[in-house]
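Order of writing sets the chain letters: A, B, C and D. Residues in each chain are counted from 1.
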């Protein structure tokens, strides 16, 4: 099997390596000349057998839009485009329709595993037509972790379902991290507990809270046992926001994941306009002193 | 009627003024010689007709404990002590029992109104025996706002009920302030809205959100229309914590008031240990960069 | 002054009455023949002096879209359409552009006050061009409450700003109601407190939590002192959702208002799929018993 | 080594088995004659070599109090009591002091692993004197999971630290379960996703959210793929409450774990008094209809 892969960054580059190690032929394209296999998308397309399979692994939004548009213009009827990036599921319907006008097929794949995927394999959540997914199974099998297929791969539904499940996966991830983080802060604050890092380490076997994220927390604490070297500043890349938006759109209560999202927003504020307002109100009714900015 | 009043600070001092204006004779004691009427508690006690009525208006906790203990030792059977401070309701049972050993009666009163109480009157929430409360009605009528008695006064139940209702009042207050504050922050952030202070001002009449706190928000914005002069740093004096603790003890869901409390905790943190942990985790699994402290 | 008013329901009907009482001539149209002044929109338009002013007071979404579209087709350059319904602010830009193609002007107005507006006046939050707003001031002055104009009216910014401020107003309203509601539940649960309805009543004067919503809570408790006659089922009409969506879009932490929204979602569920999952997990790891559905 | 073990329920019974399998001699006592080794605590004490080691594995609260009291009366100076139950950490100080009066030593141990501990070993979090902990290492090594000791065991600090770390562990557990549960509900609600159980199963390898709890969720969905057979009713056994109480006492923001706790409270309510209040308020200001109870 021989596929094209557009985008050879942190994720795409490792995926190329893993695919090749599994015997899948990969022609990769990236704007970075140091990592690319070909110098243009045209060249990539020319290198592929028909029907062509091209996996896009580029940032969601404008860049994915541009890649899908370019592929729509340059591929032929019967070819197949995979969006493995972190696109919002609502984009998939649009991309699929855009490609369908040219007879080009579309499959969306949510890919989890981060920088560890090269070694451990990637969890794959797929949306699209059954026949298309079948055709891609050798690629998915190469990327997914060792073990039973269904423990690292799911065909979750039609177009968009792959990114939807990945989106919810990331929303859950926000909640899991926040739970460990709140526990960490309480343990750090409490003088009674002398060995916070050791406590996290001791949770790795036998306990109810053991997980891969816990293992990573232990790794982080091994490097910096009170996290004094880093700031409590946390970005968000969109999927947590989309998850809460979907909760709202579907009237699903989502208090813990929403709290995790808001905690990230707060982490990036130098000062809180809301808490200025509360401070001002307390001053007004009770004469409580305020801190001058 | 003639009562003793211990504690002549921001609250007690104004209450003395309001009581006297209503024809209640007040002998006040405070450690501050500039405001006190007598130089010792003994002198205060000596000045009062029997059965004596002494209103304690001092900070909750150790100071209230000390005043109750002293009064228990110095008063006589049939006298009556009122705790009008912000004591936790669980203290009331203890204080009542302590005084009862000497035959001294006890009434707890939650007092709301802050620095505006002198002018507007104080909202009063009372716990204790019916007969004792009856006896104190001239005092309560002098302190409460103009208008129907039941709109500024309630005998809510037995010992502790006054402080309990006041505690919940303050928990609600946390939630109300947080709601206005979150709305303020969103309006401030949104460029589309050119007149945030004017919007709050325009809510004062006719709208669903009109309230005394809104009026105070308007006052604050009149003085500093984007609150740029103050910091988003908010203390908490205990009653919000107790309210959430009581919610937990009684299995009452209290998400909005708890969120308001946690927002205050966050407002006082220079950096968040929890968000350090989340940043560290994201770095571990995804290679996402962290900010160095 | 003479304006057209489309939509004579709970809000529009009362607004017509209030406008006429203030000397504004109003021609009203509604599909309900019992309340309408004219039988068609064409007739309404024919009745108005030019430049015509037509206030739409109909449900947000498809119906407002249809009314704006019809008015765009039937009005003339220089005429002016007001959307006083609960449209999402993002609709305003679209409606304004649609009307501008025909030279028709557009102003958006958030109207607060509910069924009490007839008597108390309506809080008005306006978005649009300064000149258009000036022209409409007699209408706004007739609708708004007595008292200083700026306490019941704001021109908050350009197109969309009126509905934006109204949206945030409603988000705050969610938070305020939730705060009172959480306090109510705790007081109801606590046996120590004998007079919950009386406690709310006693907060009406002098306290920090006094507000119009509190007055309404007292009214509700006067009718049914433990609310035993009604179910804890709460709809939401969109503005709370939009407020939280805007918070997410603008990275504004909004924990209390979001909690209020989620509480409404929960109130409408017969059973919680999420809590089924938690029950299942506890059963799996700890053998804790589950309730059979 | 030979120890006494009081309490042979779901946890204690399995622990006896695991200890014996590892060559630790165990004399067990339980009120249930079918599982007990001896008929009285006196008999148990008589069977042990001195200094005696007695592990209490009974429900927290009154029963643990009773067992500690009885052991304090019946053991001798130099003996050692272990509380391996789910006691609140504040109890430990009290129990240690009570036993110290008789020269009896005390160690607190948080034990995680549930019904799987027999097979997988138990995660152990220990508080107490270093020398006492050293002496107990053969017991701890027998109970903890295979693998490096520090991945299933921690001596976290002095008396109380073991139960404190276990309490926080359980608080985190609440948050983790809630995160999966909220994601489950959203996936269940969304028609786009055809295979919710398959999606959870596919997260078991390679993804960021993989964990033991996820594995258990997969087990639960294998048995009942939409959880239709069980009710969304979730008890709480105290440790989640204590964790949030400690957060409040230490001014630690804990929004996600608190949300998880409140969700459990809600799950047990037939109707919500708070949402009755919100429904009543909406009816009052907007004439919105309410559902009759």
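Methods note: a residue touches a chain if its C-beta (ideal position, glycine included) is under 8 Å from a C-beta of that chain, and two chains touch if they have at least 3 such contacts.
Each chain and its UniProt protein: A, B, C, D = Decarboxylating 6-phosphogluconate dehydrogenase.
Owing to the predicted nature of the structure, the values given are computational and were not obtained by experimental measurement.
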Path length in the contact graph (chain B to chain D, fewest steps): 1
Most distant chain from chain A, judged by the mean position of its C-alpha atoms: B
Chain pair, A-B or A-C, that carries the greater number of C-beta contacts: A-B
Chain centre separation (chain B, chain C; CA means) in Å: 33
Inter-centroid spacing, chain B versus chain A (mean Cα positions, whole Å): 47
Chain centre separation in whole Å, for chain C relative to chain A (CA means): 38
Sequence positions of chain B contacting 2 or more other chains: 114, 178, 180, 182, 185, 189, 208, 212-213, 252-255, 259, 262-263, 266, 272, 274, 285
Chain A - residues contacting chain D, complex: 89, 112-114, 117, 120-125, 127, 144-147, 150-158, 160-161, 164-165, 168-176, 178-180, 182-183, 185-187, 189-190, 192-195, 198-199, 201-214, 243, 246-247, 250, 252-257, 259-260, 262-263
In the complex, chain C residues that touch chain D: 10, 114-116, 177-178, 180-182, 184-185, 188-189, 212-213, 216-217, 219-221, 224, 227-235, 255, 259, 263-264, 266-267, 271-288, 290-293
Residues of chain B touching chain D in the complex: 208, 241, 244-245, 248-249, 251-255, 258-259, 261-263, 265-266, 268-269, 272, 274, 285
